[in-house]
Amino acid sequence: SGGDGGNSKDFKLGVNMELSGNVASYGESMAKGVEMAVAEINKAGGVEGKQIKVIKVDNKSEAAEATNGIIKLTSQDKVNAVIGAATSGNTVAQAQIANDTKTVLMAPGGTSPTVTVDEKGKVREFVFRTSFIDPFQGTVAANFAANNLKVKDAAIFSDNSSDYAKGLSDAFKETFKKAGGKIVGEESYVAKDTDFRATLTRLKAKNPSFIFIPGYYEEVGLIVKQARELGITVPLMGADGWDSPKLVDLAGADALNNTYLINHYSTEDPDKKVQEFVTAFKDKNNGDAPNAFNALGYDTVYFLADAIKRAGSTDSVKIQKELAKTKDLSLVTGVLSLDKNHHPIKSATVLEYKNGKQVFNTKINP
Amino acid sequence: MKKSKPFWAFVILAAIVYGVVQFFIGSGLLNQYYSNLFITISINIILAVSLHLVIGITGQFSIGHAGFLAVGAYISAIATMKFELPFILAIVIGGVVAALAGLIVGIPTLRLRGDYLAIATLGFAEIIRIVLFNIDYVGGAAGMQVSHLTTWPITFICLFITILVIANFTNSRHGRACIAVRENEIAADAMGINTTYYKVLAFAIGSFFAGIAGGLYSHNFYILQPGNFGFLKSFDILIFVVLGGLGSMTGSVISAILLTVISAFLAQYPETRMIIYSLVLVIVMLYRPQGLMGTREITDLFKWKTAKGGN
Amino acid sequence: MLKVNNINVFYGNIQALKGVSLEVIEGEIVTLIGANGAGKSTLLKTLSGLLKPKSGTIEYLGEPISGKAPQSIVKTGISHVPEGRRVFSNMSVEENLELGAYTRKDAGGVRKDMEKVYELFPRLLERRKQLSGTLSGGEQQMLAMGRAIMAKPKLLLLDEPSMGLAPLMVKQIFNIIEQINKDGTTVLLVEQNANMALSIANRAYVIETGRIEISGTAAELQASEEIKKAYLGGL
Amino acid sequence: MALLEVKNAGIQFGGLKAVSGFNMELNQGELIGLIGPNGAGKTTSFNLLTGVYVPTEGEILFNGRRLNGLPPYKVTQSGISRTFQNIRLFSELSVLDNVKVAYHSLAKNSILSSIFRLPSHFSEEKNMENKALEFLKIFNLDSLKDEKAKNLPYGQQRRLEIARALAAGPKLLLLDEPAAGMNPQETHELMELIAFIRKQFDLTILLIEHDMQLVMGICERIYVLDHGQLIADGTPEEIRNHPKVIEAYLGEEVPSDHA
Amino acid sequence: MDWLQQLINGISLGSIYALIALGYTMVYGIIKLINFAHGDVFMVGAFIGFYAITGWGLGFLPALIISMAFCAGFGVLIERIAYKRLRNATRIAALITAIGMSLLIEYLMIYIRGAQPEAYPADVLPNKAINLFGAQINSQSLFILLTSIILMIILQFIVHRTKMGKAMRAVSLDMDAARLMGINVDKTISFTFAIGSALAGAAGVVFGVYYTKIEPLMGVIPGLKAFVAAVLGGIGSIPGAMVGGIILGSVESIVSAAGFSLWRDAAAFIILILILIFRPSGIFGKNTKEKV
């Protein structure tokens, strides 16, 4: 069962994140956001009179470790709910256990539809997410390429080892073709590759005027750098997986010029809620601006707290019911309403890299 | 009969181990974490003992055992998840297909020797992994969801059968033929032993049980990904066998238990876990290069005692 | 020249030499005979530094050498032709000979000695470029001796040089040992073939299970009934 | 019909003709010597007879059956077994198990019978053990049956190798330098042992040896190889005085037949 | 020209494999140990180079030399601590120790500096694109290839033309016999580890410059690939390691160029197994079948 219900003094919140390994940057950012929100809520009296106690586990960016992590959280620590993981794959790895043990599992940034819907199309009752989903991201990217950048021939270079990238590239393909574009080349790589030159050379020979690169920052950074070295000068674009300071280190600011990414929000958004969050975050982190995953981690805690409040209880079945009913909840990363598949309907932001900085380009509503 | 004494001792020991663990789980004294630990230990013992037959008994230096684990894991998962076959049947199918894979890998590679055999088996294991990577039917790199069906009783029965079969095989003229191959292949050949046959046979039996372990493994972990079966996994199994003492089945069992428990215990100290683990490994090998048990079996200890007492 | 004083040598817990003492005088051929496993090879290995005695001393040219590393002992002029030849199988005959002279710096002298070795063993000259692993047993034995000569030793330790050789070859090898000795090298010869060994030696020691049991001149030992029975197949 | 017929057999390694045009006939019950200088091809001819090498020319008939190309284990099963010049025991196995392994191909129980411990497993094991002990007794090794082979002294290892070869149930036994590294006393005992087993097991024996006392003392006929070629064959007396043999192998003085 | 570009891609990658493989082969050649920690020496080399460049502001060449020197010492240290005791033990025991050392180095590194990656600065080497028949060769890959080739030639010279080289070969064939020739076996083995590790260090720096990203586990895969390259060429053979490395790099490049990038590693292993089946000791390896 999901924790020991109402008996304990604390509300135990498991955080199962990528704190090391291939995509540690996401996990670290989200955990930081979570902790900031928890501190705020605890200061304001907690949830249902209980202080939230965070118990962190590191899943090392590996699915098997994510599974071990949630087993430990539910059976040893008896947590009331779990936040994590950062990526879709590592979240899916926990979904079955969350459902079996009736533990609420919240994914801040797992954008793949499979996070909340299983392969048979059934909703995973206890699993929720805070972010928009990949079919939407992919569509936004394709429309941006076709309409804003006005390209006709696009290529795709995607990470074959994540459902996330696969979903993005499918959505991109479909929409881009619908918008009258042509996909001239499609290649893939796997996580932890370091040499993309051969495949990039192959892509270059197809003369695309735009390349869509859904994937995570560690590989994307190298891909962007190597592509530029091989003389590929066309615009490159990716999705939320690109958002990490490490990307700039790896690719180099120069190589990133003329590249775009989709993200959950922009610090430049004048919205009051956003600006308040940015200021508060900067205060606590010697002036560093929050990235999208800081914000999603932060939002996820409020998303959960809102449901607890409406449920009037920390019983996980009751919380789960209320979470599913969430509607028009105003958060830093936008206004959140869930559909029947636990997919939030939210807006997305397109950013452009200019000399190593993310610059706001457009905001696209669903 | 003299020969059957250790056999009955083993059966009784097994029954006791099973009973005790089952009692604790049944009475709720052990939570899921611990019952899982027992299952993991058992799976690791099966893996260690099955590789022990190949390396320790037959002397064939295979370092790609995780490949057969993967075959068993995936085949049995497909059987339960896609064809909805009963779990027990799925495990057996996993074992059989892994044994076939063992034959396919073994026949061309077992004529290689020493380090060349090692790298070839490792290569095959990597190929198996990459093939799984590229099959969308089983989810590719992202993996496939598998129901949790592995239970302590099933695991224990598999473990019991594995040890019994491999011990009986080893202590027979066929097992001796394998040992002869290990000791001196040329002489074994000259004594009328079909060395290729026994090498391939041992390899296939070893793969079969690795496949069985695979079935238990995949239905214990909810998600199955090719990434879990890399060469580091093969090394883990290899380490059980060598650390226990090459040629000693008891050694394999003991070191599988020991290392699994140490790993689980160290999980509480994530920053230093691997450092301590690797230090243990290096230090044990430096001070006991022949492994914990050397080539002795637990039964030898009794023999030794009675022999001493008799004098 | 060489004085071994009461040495004890162990392999782990097994004691292979028990209080062995012996002496070799410059210019002699001294032979050491004994059954299988008596400790003959162990003694030679200890002299050349491959094994370290647990106690006792070894004095060579007045200096203690026990406990020194083999490479420094070689430099003092002791060369050891080990049991089983131990040629560097993947190297040519010539490279093997060159390695024999590894510690020497006098390139000219080395070249001269190489010629001398080829003179002693014309067969090796024929096979100069052949990989030594493919030589026949007798040829390998020649190479092993030639290699030791290349170090320009004052004392040559030979471990069963006749083992596994054809009768004719055995004779040749013994002739060469005498020849080398005449040219000024002192020889300590371990042999299973006691008859032959005693026929070329000045003095002899008999070793049994790690202990020197008998010693004397070669002639004395050859005459002894006891020795005949045990080691010379004297029936 | 001869038990073993070697017709013009030979083998080449790269450019080297290690053995060529080798002819030999062994009759049931004979004890034959094979001698020759080092590198003459003696061991190589054993390797040809036992299937370790496949002859590049000629043929080998055993009991009228062609052996060319048979793998070693099949040759052994057809009735030829051997010892090795450089001892090849199963060093980690006990003395008893070394002999049992050789008996392996004469046993019949299946793998399944062993795994499920069916009665046939027990009866064969029992039988194997008794047979092995019998052989060990002959070689005076029975008191050492539980010792690991590698712990035996050299002379006993040689004897164990012969015992093991016998346990494989050969009609023809090949011994490669069985007396190497033995002193004259041990050699003498070995000669008596060889004579004994030949009678006891109705064997045909072919042996390689450099010890002329042994060869001349017990062999009925001797073949002489040099540079891969047969240069002589005949009785010990003929061989001892054969000029080619003296030149290539024996040297001037000939050791006297001590018997 | 596409294929030319692909060839250059393959050879650049291959020459890094070759540099690592050389160390593997040398160590294997002398003590028959598959030194799994070698890939981690490569990793350490990459970090030393990184710190030399970013911390002390050194240029490529001094950083390379510092890294090589450090790794040489590090390799010798590893041998002294972990392998020397095991010279007379079974080889498999030494192999397990090597695996243990590999893990130890990796996780000590993580413990000391964390698991996060580091990016080599982009301006270590001038990176001008040279256009050759339509292929983009950047000056970096030329420089890397050159570095690799020079180091290989020096190595070949040491092993075949110097006294130390002859001692190394003798030690590899028979340690005790080598001692009897007056060769200091410990020193010779240390020297071998020093050279092999220095090459790994060089490969680490080169890798960092060429691929930018370095992290504590970066040695695992290139280490394995280099080992494959060494076996492919015939383990123990120096030209074999070079050729094996280049072949492996080229095969990977060709397979990706043909559009099967996901099968790249499988192709590498398939080639390995095929070669072993037809030449059981690799391309340059001597088929040392035991003489009966």
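Letters A, B, C, D and E mark the chains as written, and numbering starts fresh at 1 in each.
In the analysis below, contacts are C-beta pairs under 8 Å (C-beta built on N, C-alpha and C of every residue); 3 or more make two chains touch, one makes a residue touch a chain.
Just so you know, these numbers come straight off a predicted model, no measurement behind them.
Peer 1: Check every other chain and keep only those touching both subunit B and subunit E; list them.
Peer 2: A, D
Peer 1: How short can a chain-to-chain path be from subunit A to subunit C, counted in steps between touching chains?
Peer 2: 2
Peer 1: Compare the CA centroid of subunit B with every other chain's and tell me the farthest one.
Peer 2: C
Peer 1: Consider the two chain pairs C-D and D-E; indicate the one with the greater count of contacting C-beta pairs.
Peer 2: Of the two interfaces, D-E and C-D, more C-beta pairs touch across C-D.
Peer 1: Give, as an integer number of Å, the spacing between the C-alpha centres of subunit D and subunit B.
Peer 2: Centre-to-centre distance between subunit B and subunit D: 41 Å.
Peer 1: Cα centroid separation between subunit C and subunit E, in whole Å?
Peer 2: So the centroids are 42 Å from each other.
Peer 1: Between subunit A and subunit D, what is the gap in Å from one C-alpha centre to the other?
Peer 2: 75
Peer 1: So which stretches of subunit D touch two or more other chains?
Peer 2: 52, 84
Peer 1: Would you mind listing the residues of subunit B that make contact with two or more other chains?
Peer 2: Answer for subunit B, listing residues that touch two or more other chains: 133, 186.
Peer 1: Of all the residues in subunit A, which ones touch at least 2 other chains?
Peer 2: Each of 160, 190 in subunit A touches at least two other chains.
Peer 1: Please list, in label order, each pair of chains that touches.
Peer 2: A-B, A-E, B-D, B-E, C-D, C-E, D-E
Peer 1: Can you check the complex and tell me which residues of subunit C touch subunit D?
Peer 2: Answer in residue numbers: 35-37, 135-139, 160, 163-169, 171, 192, 194, 229-235.
Peer 1: Flag every residue of subunit D that touches subunit E in the complex, lowest number first.
Peer 2: 43, 47, 52, 84
Peer 1: Inside the complex, what are the residues of subunit E that reach subunit C?
Peer 2: Residues 163, 166-167, 169-170, 173-174, 176-185, 286 of subunit E touch subunit C in their complex.
Peer 1: Applying the document's contact rule, which stretches of subunit A touch subunit E when the two form their complex?
Peer 2: Touch residues, subunit A against subunit E: 20-21, 24-25, 160, 187-190, 192, 194-195, 197-199, 201-202, 205, 218, 221-222, 225, 229-231, 246, 249-250, 252, 254.
Peer 1: Quick check: in the complex, which residue numbers of subunit E touch subunit D?
Peer 2: 292
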